[in-house]
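Next come the structures, one after another.
Two complexes come next, and they have one chain in common, subunit A, joined by subunit B in the first and subunit C in the second.
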Partner chain A sequence: MTYVQNTEREKAEMLAAIGCKSVDDLMAVIPEDCRFVGELDVEPALTEDELVRHVRALTASNVSADGHPCFLGAGAYRHFCPSLVDSLVARTEFWTAYTPYQPEASQGTLTTILEWQTMMCRLTGMEVSNASLYDGATAVVEAVLMALRVKSKATRVVVSEGVHPDAIGCLKTYLKCLDVELVTVPLVDGASDAPALAQAATDGTAAVVVQSPNFFGVVEELQPLVDAAHAHGALSVVAADPVSLGVLEPPGAFGADMVCGEATGMGNPPWFGGPGVGYLCARSENVRQMPARIAGETVDAQGRRAVVLTFQTREQHIRRSKATSNICTSQQLMALRATIWMALLGKQGFVELSEVNLARAHHAAARIAKIPGYGLAHAKRAFFNEFTVTTPIAARDVNRRLLDEHGILGGYDLGQVDPSRSKQLLLAVTDSNPADEIDALVAALETIR
Partner chain B sequence: MTTVEHGPAVPQQVAKATVPGFERPLTIFEHSVPDRRGVRPPPAAVPAAPSDALPASMRRKAPAALPEVGELDTQRHYTWLSEKNFSIANAFYPLGSCTMKYNPLVNERVCALPGLSALHPMQPDDQVQGMLELCWRVERVLLAVSGLHEVSLHPCAGAHGELTALMCMRACLDDRGQTHKKIILIPDSAHGTNPASCTIAGFETREVKSNQHGRVDMADLDKKIGDGHDIAGLMITNPSTLGLFETNIKAICEKIHAVGGLVYMDGANMNAILGRTRPGDFGADVMHFNLHKTFSQPHGGGGPGAGPIAVRDVLAPFLPTPKIARVSDGQGGWRFETVMSAPKSIGRTRGFMLNAGVMVRSYSYMRSNGPAGLKGIADNAVLNANYLRAKLKDTYKVWIDESCMHEFVATAKGMPNGIRALDVAKRLIDYGIHPPTVYFPLIVPEALMIEPTETESKQTLDTFVAVMKAIAAEAETDPDTLHTAPHTRSIGRPDEVRAVKEPKVTL
Partner chain C sequence: MSNPKDLKYTESHEWVRVQGDVATIGITAHAAESLSDLVFIDLPSVGDDLSAGESFGEIESVKAVSDLNAPVSGEVVEVNGDLEDNLKDINDDPYGKGWLVKVKLSGGTDHLLDAAAYDAHVQEHA
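This part shows the complex of A and B:
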């Protein structure tokens, strides 16, 4: 199958217009000793029908949350998504459009970016937002790199172990290249340790990074954590699940300098981890240090309202090696889904959805905590839609039996990140887990000792 | 509206007639009415959370001021906004270096197969064998077309692939005890992401000049290599951003290798060489692919994409984790595993493992085409570009007028009445054609960088030629129309200076 439209006759006409006999003549600019001769070693072409059957057969062995109750979160949360989101994003004018560098030909996309930036700022209590980033983990990295530009003499970054391990992993990889020291600070009973963070964040620290709700589900008491960053002049970076901000006071209200994280759950399926969408919000005084695209409103010569990409002199296509980042992608289609999702839920619906998460998770946690052998690992801490459960046998075996015996996709086995937590299960209970799924989970756990 | 014979349809325009005070609001926020509801979330259907579930200090004091709109108004608003966009589905995009080709719908259909999008990234390997195998098969195709030894599907985008690959290069050099090698050579025609990625990976960049044929100036390369002591490597785009094959590529790679450097190949223009030449065969040690260019993942208005990297064996130990491995299942078959760490790996550069949705679309595209189809992509991309070059070169000076690959760079320099590349670009919009890339590469003044891709028909190319000639004629006779173009969109040229001086980045 080919998507080339030109007929052999047209190709001949075109070659004649160029003044050569064959495409091989055109390809002769490739020196002979560089040419690839023969057929590529790839599998044969499939027709459209064969292709659909093939991929269906190939992926049939997957076990998916489509057919099973699923309590996995650990950074990727499933939420209700209105049908209209799919319908609107399926408009080819959105999904086949290019990056909106030509504003007159891109007012649709540009306006949705301005809407997204506004919504994210209002959710997080911040002043400026960019058009989105690759994902939550790289959003944390970009916030830290931004802090390193603002605090250009700093050589250290402090991060709480409550931050998602993928984000900490990315920070390690990136900061090693820049000779910046990364200090990780352990949790105390599942929550970030403000005095220890403050102690680690001595002079020369660019940022103190925390996450709330943190990786173990604990909602952090943000004020002392933000203050710990500011005590010696570091910037406070808070990663937050935006869905939690329907019920949680936004990090901006506590004085955070950057708020960032994963926004995929808003209108996007988990897609095995990607493509997702990250977000980054900041204070307006630092807007020129932000990475990636930013849309802004202006007017045309007739005074008509227009939206453009602005502050482009920060970006790689102009500043090259001195750019604020190398990024020239925004996860626009995912951000568009999130934008429409937020609009459809609206001011009240967003809070209600957030409350449903809170209610269902607390309902599930209370019942699971009563099952003999099970308990809450951090019972004194507040949580939103995810919590750490202690298990009577290895969490991994709990998960295996949940699936084999009850058809349930369990939680995240925390032994994978910390061997001392091998009997702890991280369970996410969201609006995508109706009451009967919670009943089924509780009933199943009662049989798994 | 301006038309030429057989002209493509201009994207649907919004209604122009309005009653004062009843104009359609620009943003969703202006549709908002207090207490109006859109979609209601599912009810909790369980007891409410205890009142002390969250301490008062953690409770949100006032709800975020999101819009309050109904479903129908929301549908109309975003439908109306979509109509203000150019897209592949409604316009030709001769956008150099961006490879705006047809996005086959079967790719979307395959993506929509039950269960794929619902897969959770933390599911154990035995539950996601199908997805892992599909991704492994994508890796095989990338190996076949690159001639390299190992692939990582980890990076989220082309520039992220560059950065991830540069980190692997750094780790490899450090492993060899060559921490002093800090300089990456970059030709002056390179994409801006190349030097920007170098900075973030902790390298310094040194620019290499192009010669009058648009190729790397070999004498300048020698000079910039010097004794080679500090040379970590070279980043080169081949075909270059001028659309030219780097005829000295083997010699260039040998010079870098001779001083212990590594050659990075920017695979942005892979579309032009599929099945005709392989970077691994001409000396590249590492490259990235833009799956959203070469393998037709839709651009989505700016993303998502994916930027897998392929490497020679010397760099393989340093590839990021997690990565996919195929191992024997002990019963004559295979199973697929997620390798979470490796001794010399740089670690991770993103959350989770890969952009699976992009992999599924790309796999669909790869399998639709097969070996002959993949080579046909390059052949027809090159044919279409050379056809446009031949038909336009008497009207617009082609900067390096010789046989090109998938794109060529013309210039608006010397056009009459002060007409600039920007004016030509904006005027094209009135004819329903997306502008080419302008003012890039930086080494060409008033650059118009034109890439038709393989999926455009001769009729569309002929129409584009006619439009470009009409615009050249207008430059002589009616320059004001060009200076003030476009005239057919919902806005004219916006005031970009004001957007910086009086920033309004939220509503």
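This part shows the complex of A and C:
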């Protein structure tokens, strides 16, 4: 057997089978002026050794959070990850991003999914969880699509501008071709505006979506926001960083109908921006509209405990175009990392890690607020491990000088999402930023004005 | 195959019993048998409008989830609330206790099949 694909011999066989003399012959249906003629401008092939050297040189030009203090978050946060996570997920039984297609043969994998679901429900205060979704942005979209199935006559979705811009962008993409109106509601001093959300969520609204902590770091007062959704019968969707739920009240306790978001921070580094892992939890009454895979516990013919993938009748391989989602797989490996991470930390360890985030961020914020020219943009609001700082010069320039002059990766330049916030820097301080890094950041900012 | 002669049928295996301007709707014995053990049904509410040929709910068995297609147009005047806890009624007595909804007819029934035509349809696709 040859491991080289698409050999000249195979090409000749394929062309013969469809009755073409050559590849050019096959392409003849495409008008000549639409075709590229000539040789592609690609450098000659490198040897393996040359290629490895080339890629290493490219890699060395990256500035990595491993070698520099880093205060960049904006949805992707670094947290301590025990090395046991790497070691366990590397077991061959687990080493795949897919849920198995003959699922019940893999009781071990299904058991880890059930554990993930159980932990996510306990964290969020919800009743059911699915096996995971692609990332935080698509999790928000799937929650909204689920709400549109539950409220099948609704034609409107209301979103607070505190929701991550990637999630809002993703929502716009998905809703563009549906007969659904997407209404975004501005923040007031960095927090969601409950009366304005309630006013926008008139009859015929499927969901009101908020995020807490929101994109600007503000911990939302969830009760009025959930109530704003329910006032006219819409479902309340809350996106939340699960790590924050070690110190914050779970959204389920306020009556949220769906809780979703990005779970990458648990046991997964930010990688290079992905792969992420999303989660979605809901109420049992709506479980039949829940997308993606769901593991459930039952007994086999001999009465022994068994785990199955339940509601497969609603997935795309059976229900086709009417499936609850076209997501047939999940981010199994990343969700498994998160599951192992949660299990290793345990209930108390999780709370402690969450408290370290809270303490370090508040320590850093208090010191930065005292630097002349700097301040907290939303000083009256509560925050967890991220906060918006006002800067004396453009945030973009603060970031550049932090890196060039001090070797520090700064925060997220909020001018990128809102030009009126160009002198605002979103700083994340987590358990991965020890005291000396915070000292270095404060000392550096004192010189940048 | 013995489908009641006094009912009208659709090719998607729903039946209709017309009494005055009210039509009772259910699924046929053939449909119930094909679905096997039922686990869930989602029916419309009283006051909802059904449109002939369009989905008005769904029915889920251990094997599949299927749409319920409205055989006729009209407003729902009654829903069989007993079904929620007695889904087996649909398997055991599809033309009696297993009825789904009653609608006040707003359109005709001429497009429906009679029992003989439905029997033939089932035979043909068996």
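Throughout what follows, the second predicted complex is superposed on the first by the 388 of 449 C-alpha atoms of A that agree within 3 Å, B and C clash if a C-alpha of one lies under 4 Å from a C-alpha of the other, contacts with A are read in each partner's own complex, and residues count from 1 in each chain.
Criterion: a residue touches a chain if its C-beta (ideal position, glycine included) is under 8 Å from a C-beta of that chain, and two chains touch if they have at least 3 such contacts.
Keep in mind that what you see is a predicted model, and the values were worked out from it rather than measured.
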item	value
Touched partner set for A:Val247, first subunit B, second subunit C, both or neither	first
Broader residue contact with subunit A after superposition on the shared chain, subunit B or subunit C	B
Partner chain(s) touched by A:Met258 [first = subunit B, second = subunit C, both, neither]	neither
Subunit B versus subunit C as contact partner of A:Lys322, first or second or both or neither	both
Partner chain in contact with A:Arg314 - subunit B first, subunit C second, else both or neither	second
First, second, both or neither for A:Ala234, with subunit B first and subunit C second	neither
Touching partner for A:Ala74 - first (subunit B), second (subunit C), both, neither	first
Residues of subunit A at both interfaces, subunit B in one complex, subunit C in the other	313, 318-319, 322
Subunit C residues within the subunit A interface of the complex	40, 42, 60-65, 67
List of subunit A residues in touch with subunit C within their complex	288, 313-314, 318-319, 322
